[in-house]
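As C-alpha cells, here come the structures.
Shared chain: chain A. Partners: chain B in the first complex, chain C in the second.
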Partner chain A sequence: MSLATDMTRKLSFAAVCAAAMLAASALQAQQAVQIQVTYSNGQFQPNQVSALADKPIVFRIKNLDGKAMEFESKSLRVEKVIAAKSEGVVNVRALKAGRYEFYDDFNEKARGALTVQ
Partner chain B sequence: MLAALIIVFREVFEAGLIVGIVLAVTRSVPRRNRWIGGGVLAGVVAACLVAAFAGALSQLFEGMGQELFNAAILAIAVIMLTWHNVWMARHGKEIAGEMRAIGQAVAQGSKSLLALAVVVAVAVLREGSEVALFLYGVVASDGGSAASLTLGGLMGLALGVFVCLLTYFGLMRIPPRALFATTTVLITLLAAGMAAQAVAFLERANWLMPLDTVLWDSNWLLSESSIVGRALHTLVGYTDQPTEMQLLIYVVVVLATVMLMRLVGSERRQHAVASG
Partner chain C sequence: MLAETQSGRHRAAALCAIASLMSVGGFARADDVDSWHEIETKYIFGFTTGSGIGLEGEKEFTTDTKGRFGKRDGRYNATETKYEFEFTPSQFIQIEFGALGSTHDIAGVTDLDDRKQVAFAGGFAEFRYLAIERTSSNPLAVTLAIEPTVRVIDETSGEHVHNYELETMVNADLELVRNRLYAAFNLLYEPEYTQTLTNESIREATFGGSAALSLRLAPGLLIGAEAWYLRHYDDFGLSAFTGDAVMVGPTLYLQFTPKMFMTAAWNSQVWGREVGNALPLNLAEFQRHRARLKFAWEF
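And then the complex of A and B:
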C-alpha cells in the first residue's frame, strides 16, 4: 500500500518537474544570447568570440565543409557532431567570467575560444 | 593516419567494452553468438542510417534532435539492462542450479538475450554513427591521404575489437560463481552511467533544467578524455563534471535495481516455499 502512495508521489513529482522544465526552457530560450560561428576549410570563423557572464548562450555553428565536424569543449561541457553542409545548435548554460576553449574533435587543428566577461 | 586511428579507436572503445561485458554475461547461454552478432549488425546498419541522415536528425526539435535521440536510445538501454538484472535475479539460480528447469530457462533466456542484443545494438549505434560520419568525410574529401586515413580508421576499428576480446577474456578468468555477482554489479553501474549520460543529453537539449549545477570538477585528477577516464566513463559512468541531476539519477537507478532484484528474489523464494 505504501508502494502505491509512494508511486503516486513520485509520479506527481515527475509531472511537476516536467512542467518546471518546459517553463524554464521557454524562459531560457528567450534570454539566451546567440553566437554565430561558421566552420569552413577546417577553421572556425571567427575563432574568438565573447559573451556576457551569467547569461545562457546558444551557439549556432554552420559547417560549410564537405565533411562532418564535432564541436567540442570540455570546459563548456558540450560535444556535438555537425554533419557536412549543415547547421548545429549548441546550448550552453549561464557561465562565470573566464576563457572557454572549443575545438573540432575530428580535426584538432581547428580551435577557438569563448571569452566570458 | 594516426589521427584517424585515434579518433576511430576512441569511439569504438566504448562499444568494445560493452560488447565484451555482454558476451561474458551470456557465456553459458546457447545461441548467444547469433543474438549478440545480430545486435552488432543491427547497430552498424543503424549507425550508417543515422550518419546518412545526421543533418536531418539534427534539425528535429529545434536543432536538438541529436541530443534527444541519444537520450532516448540510452534510456532504452538502461531499461534493458535493468530488466536483464531483474530477470537474472528471478531465473539466474534456476539456470545455474536445477537441471530440470534448464530447458525452460533457455526458452526464456532468449528474452533476456534480446534485451542484451538491444543494448549491444545501442552501444554500436551510438559510437558507430560518429565513426561512420568521420570516415565518410574522409572518403568524400579528395586527396591522397584518404587511403591512409581509411587504413588508420580500420586499424582503430581492429583495436576496438581487441578491447572487446580483452574485456571478455578478462572477465572469463573470474570463477563462474563470482562472475555472476561481478557482472550483476557491472551491468547495474553500466545502466546507472548510461542514465546519467541520458540526463546530460537532456540537459544539453534544455529539456531538463532543474539541479543542473555542476557538483565538482575532477578533471585535474582524472580527465574524462584520458583512456582510463573513458573506460571508467563507460563502465561506471564516471564524469569529471557531473551535475546534481546526473548524480541523483545515477543513485536512483542503482537503488531501483537493488530494490527490484530483492523484491523479485524474495517473491521467488516465497513461491518456492508455498509450492514445496
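And then the complex of A and C:
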C-alpha cells in the first residue's frame, strides 16, 4: 500500500470520526433541557425551576436590570457574569436528582433553586 | 505551686476559649444557616484538602506559604511559597500551576549545613478530577489529584538539587450538618527522586493520611482541627521504612469578600519515631511544627 493511500484512509477515518462527534454533540444539545430565567429588580423570575434527572441543562438568563449580575451556583459548579440588559447562556452537565441552589454573587438577596427529579 | 497555678490558668483560658467559640457558633440559628450559601470545601480544612474543584470558568490567583519549624537541635525555620494560578475548565476538572519560592534559616542543626537564603525553588502543576459529586441526597464528595513538582532547592536543607516529586492524593469530604459541619479525609502517596550536586541520587516516598473537622460559625468563618499520620520510606515501593509521625492542630478559614479569602493552619508533632533512634518524635524527616497561610483572589 502506498504512503499516499494509507494517509488518505487515515484522514477519511478521522473525518468520519469528527463528523460522528459533531452529530452526537448536536443531538446532545437538542436533548438538553432549556430553562429560561429573567433577572429584574434584583430577583430571579421564576426563582424555583425544575428539570429531569440525567439530562444536560441549558440556563438562559436574561438580565433586565441596568447593572451586571453574576449567575453562580456552588452545587451546579458554574458562574457567569451577565452584563446589564443582555442574556447569558450557562451549560450544565446532566444532573442527579436533588436540589441545586443558584444566586447572584453581586446581590446576596437574589436566590433561586433548581429541583431535579 | 507556681506551675500548678499556671496550669490551672491555662486550663481556664482553654475552657473560656471553647465556651466563647461555642457561643459564637450558637449565634447562628438553624434558620440563619439555611439561608447561607453553600461553601467551597477545598480550603476549609487547613493542610487537609477538601474535594472542591471550583466553578466552571472560575480563575484564581493564590499565594500559599507552608512553614516548617524546629528540628532536634539548633535553629531551623524553612518556608516554601506557591505562587499559583488555578482555573476550572469543566465541571469535573481543575488545573493549577505556578512557581515556588523558598526561604531557609538554619543554624547548628545536626546533618544540615548552616544557611540563610531566599531563593526561587522550582515549579509545579496540579490536576484534580471530581470523581464523586455531592448532591442534596449524597453528602460525600471525592476528588483525585496529582501534582508533579520540580525543585532546584531542597525543601529541607535548602541545598541546590534536582528534585522531582509526584504527589498523588485522594481528597474526600462529607457535609455532616448542612451548611454547618464538615469532615474531610485525605490519603497521600508522594514519591520523590532527588539528585544532589555531588551526583548522589536519593529515592524516597511519603505515605499517609489525615482527618479533619471544620465548623462554620458564620457564612465566611470556619474553624476546625486536623490530624495527620505520615510515614517516610527510603524507596518508592514503601518497603524501606525510616520513620513516622503524627501531627495535629487547629485550622481557620476566613472569607473577606465573595472573591477573596484566606486559610491558616498550625500543626505540631505530638508523636513520632525514627528507625534506629530511641528519642521521642521524628525530627529527621519531619519537623516539630508546621504552619500554612494562604491568600486567594478569584476573578
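FYI, the second predicted complex is superposed on the first by the 93 of 117 C-alpha atoms of A that agree within 3 Å, B and C clash if a C-alpha of one lies under 4 Å from a C-alpha of the other, contacts with A are read in each partner's own complex, and residues count from 1 in each chain.
Simple rule for what comes next: contacts are C-beta pairs under 8 Å (C-beta built on N, C-alpha and C of every residue); 3 or more make two chains touch, one makes a residue touch a chain.
As the structure is a computational prediction, the values presented were derived from the model and not from experiment.
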With the two structures overlaid on chain A, would chain B and chain C clash, or do they fit side by side? clash
In the superposed arrangement, which partner chain does A:96 touch: chain B (first), chain C (second), both, or neither? second
Quick one: classify A:105 as touching chain B (first), chain C (second), both or neither. both
Residue contacts with chain A in the superposition, chain B compared against chain C: B
Once chain A of both complexes is superposed, is A:67 in touch with chain B (first), chain C (second), both, or neither? first
Taking the superposition on A as described, I'd like to know which of chain B and chain C A:84 touches: first, second, both or neither. first
In chain A, both chain B and chain C touch residues 74, 77-78, 80, 93, 105
Under the touch definition given earlier, write down the residues of chain C that touch chain A in their complex. 37-40, 53-58, 88, 91-92, 133-138, 258
Complex contact set, residues of chain A against chain C: 72-80, 92-93, 95-101, 103, 105
Within the complex, chain B is touched by chain A residues 17, 20-21, 24-25, 28-29, 66-68, 70, 74, 77-78, 80-91, 93, 105-106, 108
Sites on chain B touched by chain A in the complex: 3, 7, 54-55, 58-59, 62-64, 66-67, 129-130, 133-134, 136-138, 140-141, 200, 204-210, 212, 214, 219, 223-225, 241
